[in-house]
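I've put the structures underneath this note.
Look for subunit A in each of the two complexes below; its partner is subunit B in the first and subunit C in the second.
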Partner chain A sequence: MAETSTLFTTLLMQGFAGMSLFSVLLLMALGLAIIFGQMGVINMAHGEFMTIGAYTTYIMSTFAEAHGFINQYFILALIAAFAIAFAAGYLLEYLLIRRLYKRPLDTLLATWGVSLVMQQAFREIFGAREVSPALPEWLTGSYQPAPGIDLPVSGLMVLVLMLVVTFGVWLMMYRSRWGIRVRATTQNRVIADAVGINTKRVDRITFALGCGLAGIAGAAFTTIASTGPTTGSLFIVDTFLVVVFGGAASLFGTIASAFTIAQAQSGLEFLMTGSMAKVITLVSVVLILMMRPEGLFSVKVRK
Partner chain B sequence: MPKKLLSHWITAKNRSDLINLALLALLLLVVLPLALDIFRLNLVGKYLTFAFVAVGLVLCWGYGGILSLGQGIFFGLGGYCMAMFLKLEASDPVSTAIQSTPGIPDFMDWNQIKALPWFWEPFHSFSFTLIAVLILPTLFAYLIGVAMFKRRVGGVYFAIITQAIALILTVLIVGQQGLTGGINGITDLKTLLGWDIRTNSARYILYYINAALLLGGIVFSRWLLSSKLGLLLVALRDKEERVRFSGYDVANLKIFTFCVAALFSAVGGAMFTLQVGFMSPSFVGIVPSIEMVIFTAVGGRLSLIGAVYGALLVNFGKSYFSETFADLWLYLMGALFIGVVLFLPNGLAGLFREPRQTWLLIKHTALMLVAKLRPARLRPEGK
Partner chain C sequence: MSTESQHRTRHTRISIFIIASFLCIGSLLTFARVEAAGPPTAQVNTTGLAVTDTTVTVGDLHSATGTMAISEIGSIQAELLAIDQINAAGGILGRKIEVIKEDGASDWPNFAEKARKLLVKDKVAAVFGCWTSASRKAVLPVFEKENGLLYYPTFYEGLEQSKNVIYTGQEATQQIIAGLDWVTKTKGAKTFFLIGSDYIWPRTSNKIARKHIENVLHGKVVGEEYYPLGTTNFRSLINKAKLAKPDVIYSIVVGGSNVSWFKQLKAADITGDKWTLLTISTTEDEVKGIGGESVLNFYSAMKYFQTLKNPNNEKFVAAFKAKYGADSVIGDVTQAAYLGPWLWKAAVEKAGSFDVDKVVAASPGIELSSAPEGYVKVHANHHLWSKLRIGRWRRRCCCEIYRYHRRRSVNHG
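Up next, the complex of A and B:
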């Protein structure tokens, strides 16, 4: 009896570790699902927008420590991370992306260049060493629903944040006038233009929103790991795979694929080394994509 | 065949190509070896191995419209095949007598591996190695190509999948330290069939072999592009559906081109190992693969010869700036990516080929700047 319960708690803890990875991956992928899935723009600098969010949180925490509101800062940091990443995304769209909508492969190269510049800028401003913000007290403890089960509060917080943000994105995309405009623009740009939608404005806001979501992902990321100049770029390929694997333009697909990939990876990590777990997960994803290129859940869009 | 090849070259349209190729050959075979000492020439040789990849990318990206972000995979496979052979030669039982298991590569011994893994065994043979360098990466490209192009996956998705494969291969190599040498790669390579590759004369010979292979590759690609296949490639890049409806198997065309590009990269990788004396995962992953694309983009994605200059210039820039202003290099590299895509979609070759267009571009930009800088009160009303 005692052994089964140990096994159970181990499995539960393992599943929870997978849930934390799932949350961060999904937060990252949501922004990309909007930018890549809806607009078809490849933003290789998406990881750097996450890093912007993480560094914003770091700055906020240092500021909060100096002024004594460390317990309340995290909510402010989330808002600031979103706002700054949103503004940076808006600027990037205005300066660069809008000139390249007709050349998706070139967008990929240009945004890779942007990511290099941003990484070097981070390195010069914040240094090459990884930093992590001071966590407020309520985020550092752990929650014990039963003896032997130890769930870190920060992981729970990331989970809740993920649920809230996903719900928000769903509301915006499928239950708001703005969402209708975005989907109309995706499905048929010319007709959308003709019925009076300002498609250029929709493009700009959509791109900026995707970047803002990456900023939130970055803020959430600081609670479970430390941030360095290249943190974002480590996630970029995984995030793209999540979106492609789920089926572009499908919110549900993105959630399902982030869940599958995260659980597979953290489950396999339990059985073997981290690098082999990653290799097996990615190989499976690539093989499935080769058999089913449209992803798990594809939405039929007239091109 | 050679006669037909020649007649292809000497038409009025191709005369300038021929002159450019002759100039490149003169530069690589005469000017650089005379002007540079062997250390610098060896560096040029190293850059020229990247030019193989760049030339392959001109074929598959510039003409075929297939952007592969995983050319490092094939460069690495070619390089690793060669490195495995050289490493086995360097780890004979006599010179590794100090190890707990003599006769296996040193990094295996450090990782407590007692016997040579099975996939290392055939690399005792030089002829097997040569065949592996040529066949293995091409076969891998064929498999990827069949899986992707037969299902009509292309464009952006192909780029992401190839990038993911490059990542997988890097993680695998780094993770399996005992079998692959891990993050350090396969180092301390000394002789090729008893011939010391570290001496100056060996370096000269390898440089010339490398340059000759590269020029041969360019001539071969030029011939390929001037054949019907070249026409079809351009046609399918611009209107894939129309080529398909004309009855051509678009997938096979793409697979073939991708395989040729992979073969070029593999030869480059093998020559890299021979000239530089090691191979490591830092030439396999995402970052090197995408850097190889920028060599092609800078040189001009439609110019075989431009790609060589692109590889040389970007690498010279990289080694110059990372020696003198290390911090500046990433900014410059980033600006290069953005600038080339925005302002020079046909790279340096585009500047060279269309001087009139270039002049118009400069004039246009200058006028725009003047218009923007002019004080507001001088501008026409309402602006």
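Up next, the complex of A and C:
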């Protein structure tokens, strides 16, 4: 009897482990999905925008520790992370990306260069040693709804944050005038221009918003991992995987893809070893993409 | 021959004459000085190393940039501190040590290239450097071909012994066997869950651990798992460990992954008061990043902790903090790196020469009673005799609670 209940609680926690990996992947991928999907820009510096968010949280935490509001600072840090990453993205679009819209493949090279510059800048400013922000006590422990079941509070927090952010993005994309403009620009840039949409402005805000979302993802990430100058490059592959697998330009596709990859990987990790789980996940993604090159869900777009 | 070139020839001759006479006077003068300070260069350097009458040049080869910089910067700092202290005390054989710093940049082929540059172009008398096994394996052929001398500070997987390397950290058997004995004896542990990052050092170490657990301690390994370097999601693994309920979680997670690993353990309610976790890869350096509350009451098996109580260590910690700031931390490898220059100094003085062959021949048996970790001695297999200590993590620092004597390293190339 005791055996079965342990097995049951473990399976429950395993399901939760999959859910929190899903939340993390989706948070990381949302920003990229918007930029890559809506604009066709391959932003290799996406990981570094996450790092900006993470370092912002770290700075806020040292500040909060000094001034004694460590229990409340995290919400502020999320807002600051979004704002700073948004501003940095806006600037990058203005200085670099907008000159490359006609050469989409070059954006890959250019943003990769930007990512290297940003990594070295982080190293100069924050040092090579990895940092992790001091977390409020309530965020580090676990929540026990029943004996034997430990749900990590940080995981719950990321889950809630993911729901809020996804809902926000959905509202903006499908229920606001700005969203209509973005979707119109994606579907047919020339006609959108012709009917009076300022597509340049739409591009700039879209890019900045994608970067801002990366900032939020980075801030959330510091609760479970550390931050170093090269942290961003660790996540960029997984992030691209989610976006490409889901089918570019599709919000729903991104969500479905993050969910599938997260549950598959987490489940396989439980059943076999960590390295094997990664291998099998990646091989399946490649096979599915060979059958459906456009990804799981794709939107019809005039190119 | 034209007049112009004749003219130039005469001019050159005159210059040569002038320079030569200066050199004569100069060397006479230095000779007089050196006789007072140390033995003449021709005597202490017969193989063309970068040794002058007043200086000797060494190399320092670590990653100051790239992903390994986190770990290697501590080693650079410790080596430079030791060299400063040796210089302040009069240098080696009357010669001041000069350092050429090269950056391996976390790139293994680059390490080999820089090593060649230091040995062939700069003719350095010794090199203090490398951190990962990958970088050591990359420079090893260079050191053996050019007959250089490397002092390597990291605890590593062992199974290596080179004439041209002195290993100042512990090799796997020194660190693992004693630690497992301790945890079996004091915690009555019978079942073990082995966890590591997926590369040579953790895999080899766990192989040794498994053999010792099964054949000597008659315990049981209930799980063995590896995760790629840089992994940030350990939740499935943690669930698996919970289901297996081992007496000991034996962890060799490396680098940045440490932070996710320990934070997620804490979040899953695996804490030091309920579980026994023993790690051989987490030092003060990593704990600074993880945060003390997540590693509270877990154990590390190391030969050195910053909080060791002995006069040598107190002096060392004070000097380190004076030079690099009060909030700097000193991990196991940093201390081992500090030993390098001192061991080299002792060997050179014993040999009475900077020649690599003579220094290597003089090295076995060298004793250092001034080491921060306590007494160490170089064994004939180029590793150190040293003690293993088990530290229990506190919120801010590590507290030593157990010592284990291991007479020498069991290592055969």
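What we mean here is this: the second predicted complex is superposed on the first by the 303 of 303 C-alpha atoms of A that agree within 3 Å, B and C clash if a C-alpha of one lies under 4 Å from a C-alpha of the other, contacts with A are read in each partner's own complex, and residues count from 1 in each chain.
As a working rule, a contact is a pair of C-beta atoms (placed from the backbone, for glycine too) under 8 Å apart; a residue touches a chain by one contact, two chains touch by 3 or more.
Small disclaimer: the values here were computed from a predicted structure and weren't measured.
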Let's test your reading of the overlay: on subunit A, do subunit B and subunit C clash or fit side by side? fit
A:237 contacts which: subunit B (first), subunit C (second), both, neither? first
Which holds for A:100: it touches subunit B only (first), subunit C only (second), both, or neither? first
Applying the touch criterion given at the start, work out whether A:278 contacts subunit B, subunit C, both or neither, answering first, second, both or neither. both
Between subunit B and subunit C, whom does A:246 touch in the aligned arrangement: first, second, both, or neither? neither
One more residue to check, A:289. First (subunit B), second (subunit C), both or neither? first
Taking the superposition as given, does A:141 touch the first partner, subunit B, the second, subunit C, both, or neither? second
Which holds for A:31: it touches subunit B only (first), subunit C only (second), both, or neither? neither
For the combined three-chain view, what is the angle at the C-alpha centre of subunit A formed with the C-alpha centres of subunit B and subunit C, to the nearest 10°? 60
Could you say whether A:218 touches subunit B, subunit C, both of them, or neither, answering first, second, both or neither? neither
Taking every C-alpha pair between subunit B and subunit C in the superposed model, the minimum, in Å, is 5
Contacts on subunit A seen with subunit B and repeated with subunit C across the two complexes: 120, 123, 273, 275, 278
Provide the residue numbers of subunit A that touch subunit B in the complex, in ascending order. 40, 42, 96, 99-100, 103-110, 112-117, 119-120, 123-124, 237, 240-241, 244, 273, 275-276, 278-279, 282-283, 285-286, 289-290, 293
Quick check: in the complex, which residue numbers of subunit B touch subunit A? 67, 69, 147-148, 151-153, 155-157, 159-161, 163-165, 167-168, 171-172, 174-175, 286, 290, 293-294, 297, 327, 330-331, 333-338, 340-342, 345
Where on subunit A is subunit C touching in the complex? 6-7, 10, 13-14, 16-17, 20-21, 24, 120, 123, 128-132, 134-135, 140-142, 144, 150, 152-155, 221, 223-226, 228, 230-231, 234, 266-267, 269-270, 273-275, 277-278
Please output the residues of subunit C touching subunit A within their complex, sorted ascending. 64-67, 69-70, 73, 198, 225-228, 230-233, 235-240, 242-243, 256, 258-260, 263-264, 266-269, 285, 288-291, 293-294
